[in-house]
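Following are the structures in question.
Two complexes follow with subunit A in common, the first pairing it with subunit B and the second with subunit C.
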Partner chain A sequence: MTPPPATPPEATREDRHAAGLDGARRLLATVGFYTFCSLVLAFFTVPLLWLASAPFDDTPSITASLPSFTLANFETLLDNRYAMRSLGNSAVLALGTGALVVVCAALAAYALSRVRLPGRDALLYALLLLSSIVTGTAAMVPLFNLAFELDLIDSQLGVILVLSGGLLPSAVFILKDFMDGTPRSYEESAQVFGASPLQVLRHVVVPLVRPGLATIAVWAVAQVWGNFLIPFLLLRSPEKSPAAVVMYTFYTEGGQPDLALISTFSLLYSVPVVLMFLLVSSRYGFRFHGGIKR
Partner chain B sequence: MADLTLAALTKVYPGGVRALDSVELTVADGEFFALLGPSGCGKTTLLRTLAGLETATSGAVLLGGRDVTAVPPGRRDVAMVFQDYALFPHMTVTDNIAYPLRIRKVPGRQRRDRAAQTAAELGLGDHLERRPDQLSGGQQQRVALARAMACHPRAFLFDEPLSNLDARMRLEARTFLKRLQRELGVTTVFVTHDQAEALALADRIAVMEHGRIRQLGTPADVFRRPANTFVASFIGSTPMNLLPGTAEGGAVHVAGTALPTPGGLALAEGEELTYGIRPEYLTFHPRPVPGALAGEVRVVENLGSSQLVTLEGPAGEVRVVVDEDTELAPGVAGHALPRADRALVYRNGELLGASGYEGPATGTRTP
Partner chain C sequence: MATSPPEPGGRRAGAGPRERDAAGLGRLGATAFVVPALLLIAAFLVFPALWTVYLGATDYRLTGLAAVDPQVVGLENVERALDDDGFTHSLGLTLQFVLGSAVIGQAGLGFALAWVLRDRRGLGRRLIEAMVLLAWILPSSVIAFLWIALLDRDDGTLNALLSTPGTAWLLEHPMLSLIVFNIWRGTAFSMMLYAAALGNVPPSQLETARLAGASSWQQLRDVVFPRIRGHVLTNLLLISLWTFNDFTPFLLTGGGPEDRTEIMPVFIYETALFGGELGFGAALSVLMLLINLVIAVVYARLLRRRKDRDR
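Our next item is the complex of A and B:
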């Protein structure tokens, strides 16, 4: 019995000590992690809280606080000449662009998916790259000139066309993937029964890629709904301006932002998009790839 | 209903691949016709050209005497059943079956009635409101058939009609398909790579290789007297023994043994020939017999009611079908005696005395 009997208890004590330190460190790490998460979360929730509380506050400020409840802000908003009208304008622009993008993208994606074209993929990538420039700030001046030459200044059609042009490449790119996923035999089968190409598209392809179409439609509507630059550039008269642009004009006589109007309008402005997302997502579900379950 | 004629039909793909090489073929009215061959032989291209999904490079397709070579698929009045059935997954069984009628602008109620009627004929009456993915493979196939039948085409085209079914269903579907075709009496062309399927279903078979038809005949023709060594090795669930030999004194000698040779063949003394005999037409003898191929049993494969025995001897490997009662172990000596009336002699890969066979011209129809 050479090892002294004192050593084992000493070792265990040290072990226990180490284990205690380890546990404390782990606890601290956990506390730190969740504190960090809470801070990040708060950073993003506070603006949302503001959006939920400020419209019902009789003296809204830029801080989120418990409101002294009132609906007067909504009355003021309804009295504003441009506010409600601008929401209608936004809807016209968004739905018009959405419809145009879905129809054109579906036709183009189908053709690109089915016809062998030399350099097809390069073309798609080039379009995708350029599209981010077309509606972007960089092309502001040429876009304005183009619209001016085509007599499309202060026309909602002009805005719809420009926005559609910017959204189409990405839409075609995403939809082509969906189209690629539908088996050729489905179409050939319809073809042998005498269906014309448009009938094949309508009866067979469109129903199969419906989730893709829904995704594209919602995405396009949301993009337009939130777009400020293009309508700001191309529309002159305030009666035609969409909500995103009109919100920019809510100032008090003193040149201060009219927080009562802005917060109330922001709430009304965000509700339709949220509702649309919920509705479409519950009906079709969002998917970013094609595919037939077999 | 109509007969089908292909005149010098050629299809060359843009890459230069010659998928069909001046194919001449006539399918009689009401005939059940098989296009058989290994993958890549052009059989599917031929079927798709019949449907109009591929355009022929040259040659003509005649349907009921009318030239339809340039007619688009929808106006040829043929119905095609695809290998994956191509049922529209977003439509119910009724809508699927009624789809050809919808294209022809038949009023809604009428086409639903007709779809229901056709579905009932094929035993699908209880599944009218289901979607294709709620059906079994066999039911899906019947929906595809019903859809093809609903428009009363002049010809049916089936692409590998049984290959998507499991083994047991396949047998059932085979019988069903043959009975259905007989009852409808519609000219039917189908493609298969499975020789057993072609033999079982078809009235006549075209065996294809490299875009050409290598033999055209009834299942009995093709099985008993393959016109060349390609067909001989392709047809039959156990491949035919093809043994290199020489002609000596009017008989074929293989590895020094004079084998029973069918009479009436003009054999030049000493020429190189191939002696073909199916394993089923060899009888196994444990002791030496005149005219038998000797060898040693190497492999015994149990086929259920019979066994397939591989003998290895001076002639190379010879396969023999032996009845189930003979006890055999690898290593013992064996002798395989060919049946003279079933032996075939090939010169340069072509059957000798091919014209000597007299069989029914259009097919042996077994009820």
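Our next item is the complex of A and C:
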């Protein structure tokens, strides 16, 4: 902060008084700063404490407390048929959507980056605008109807298609930016040697934009992994439901909630998200990518 | 730019270096590449939006006669919605939720954090940032249960900390709880955006202002704010849009107690999918889409204006 003003030796009394006031103000600012930071840290940490303590507590309760350490709770988790299965379902939905979004978006972004189709820019902006307006929440009624008419109720494919449709505009938009920034000369030489456009894309362009593809893939997977609403609307049988929905049924279905199960399940369900986030931020320097989170 | 000929090089006079059909796709090939993505978007994004508008004009229901043969009732549903006490009640709650948790809470706390931590490097800053981000990235089902546990009447950590045993926060102060919850949940985005924005304010200008004897508040008002005005607007519009469309409160309160936390997304869910009144629910969705549209269009115009200025 401000360096202390050097009080000249011939300072008058007022000057010294002012310097004293200044010092007091600075002390107050420092105290205020640390108070604010501690309060904020407490505010953000306290709700999370339970997630760190309860899974390892031999008698987990609702209150966050220092656990008497045990791993027995994880056995409860492994014994629960729905719990482990739902994590598998989440993986199927997330990876399916991620793959579909990356492939479709890469194809579209490449074509839009290299060929000026009529109305391209307007189309891109319109789609981006649309994807932020037509959210799952605002469109839950027609999405439900559509799935019903297409016989996609209680089908994981339905969830994947609906989620992909929502994620694609942003994915195309971001990937096109990446593709615009890559040099064309390699593609031209590949073409001289008789490679088809699809081969050029696979063997020349994809390696160049791999960071962009990885970012989009991780982003899509993370979005789907945490999504509650769409699978909640479209899936009926618990065997097909992802972790987000099963977790919700664990604590809303009557009776005493099984805290050993809920805590270990929450932890296991959260870890992949944190890992993905760390991966992206360390690999590609996730500081700020505009509205990367919907 | 017209289609590049499929001959090697694909280079044509007039084709700028940024737009060269280097792979010899041609217009047909490009269209084929774009079609899968467009089909998915058309089917699962554009069509539902249009269908909402149509459904909103019918008396479509999940079961019964109207399910088999829905009749067009025009604007009746929308009028009914605007007259409906449930709707106005829900709209008021939504407004409280968006203003309180996003516009005031997340933006305010996010800016305060970015400002206070702006020249700090070290463990403290990293720790705070990590916890704020963690609150943002964890799955909402998990977060919802963590808060239910935190606010529990009998054994909740909050009651233990504040020594207020027996306070059922989610029953006694449901809206306040949700607002605080959502501030906690979403501050990370504003913090990161403002941290990036403050990085663009030249330190020399702040230094000059400080030497001229400007207080912190004056520095903020006269030096910082004019430079980050665009970011502030971007931030406010985006977080409003997201908070408006957030379904997570349903996981905490399910709209209750009574209907005291029935914000718009929950209201639509209860009416259309739980109550089976799809037509009326769709009319509500149309209104929600319209509000989204207004926010998004304002945002898009803002972006364009900034782009024009940068040119």
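In this text, the second predicted complex is superposed on the first by the 244 of 294 C-alpha atoms of A that agree within 3 Å, B and C clash if a C-alpha of one lies under 4 Å from a C-alpha of the other, contacts with A are read in each partner's own complex, and residues count from 1 in each chain.
Here, a residue touches a chain if its C-beta (ideal position, glycine included) is under 8 Å from a C-beta of that chain, and two chains touch if they have at least 3 such contacts.
Just so it is clear, the structure is predicted and the values come from calculations on it, not from any experiment.
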Classify the contacts of A:E188 with the two partner chains as first (subunit B alone), second (subunit C alone), both, or neither.
both
If you stack the two complexes on chain A, which partner ends up touching A:L208: first (subunit B), second (subunit C), both, or neither?
first
Which partner does A:M247 reach: the first (subunit B), the second (subunit C), both, or neither?
second
Which of subunit B and subunit C A:L129 touches, first, second, both or neither
second
Per the overlay, which chain contacts more subunit A residues, subunit B or subunit C?
C
Give one of first, second, both or neither to describe whether A:I153 is in contact with subunit B, with subunit C, with both, or with none.
neither
Is A:M84 touching the first partner subunit B, the second partner subunit C, both, or neither of them?
neither
Both subunit B and subunit C touch subunit A at residues 185, 188, 190-192, 293
Hey, which residues of subunit A end up touching subunit C in the complex?
2, 33, 36-37, 40-41, 43-51, 61-64, 100, 103-105, 107-108, 110-112, 114-117, 125, 127, 129-146, 161-162, 164-166, 168-169, 172, 180, 184-185, 187-188, 190-192, 197, 200-201, 205, 222, 225-226, 228-229, 233, 243-245, 247-248, 251-252, 262, 266, 269-270, 273-274, 277, 287-288, 291, 293-294
Using the touch rule from the top, collect the residues of subunit A that touch subunit B in their complex.
183, 185-186, 188-196, 199, 203-204, 207-208, 292-293
Spell out the part of subunit B that touches subunit A in their complex, as residue ranges.
51-53, 73-75, 78-80, 82-84, 86, 88-90, 99-100, 102-104, 133, 147, 151
Which residues of subunit C touch subunit A in their complex?
1, 3-4, 8-11, 17-27, 29-34, 36-38, 40-41, 43-49, 51-52, 55, 109, 112-113, 116, 124, 127-128, 131-150, 152, 154-158, 160-161, 184, 189, 192-193, 195-196, 210, 238, 241-242, 245-248, 251, 254, 264-265, 268-269, 272-273, 278, 281-282, 285, 288-289, 292-293, 296-297, 300
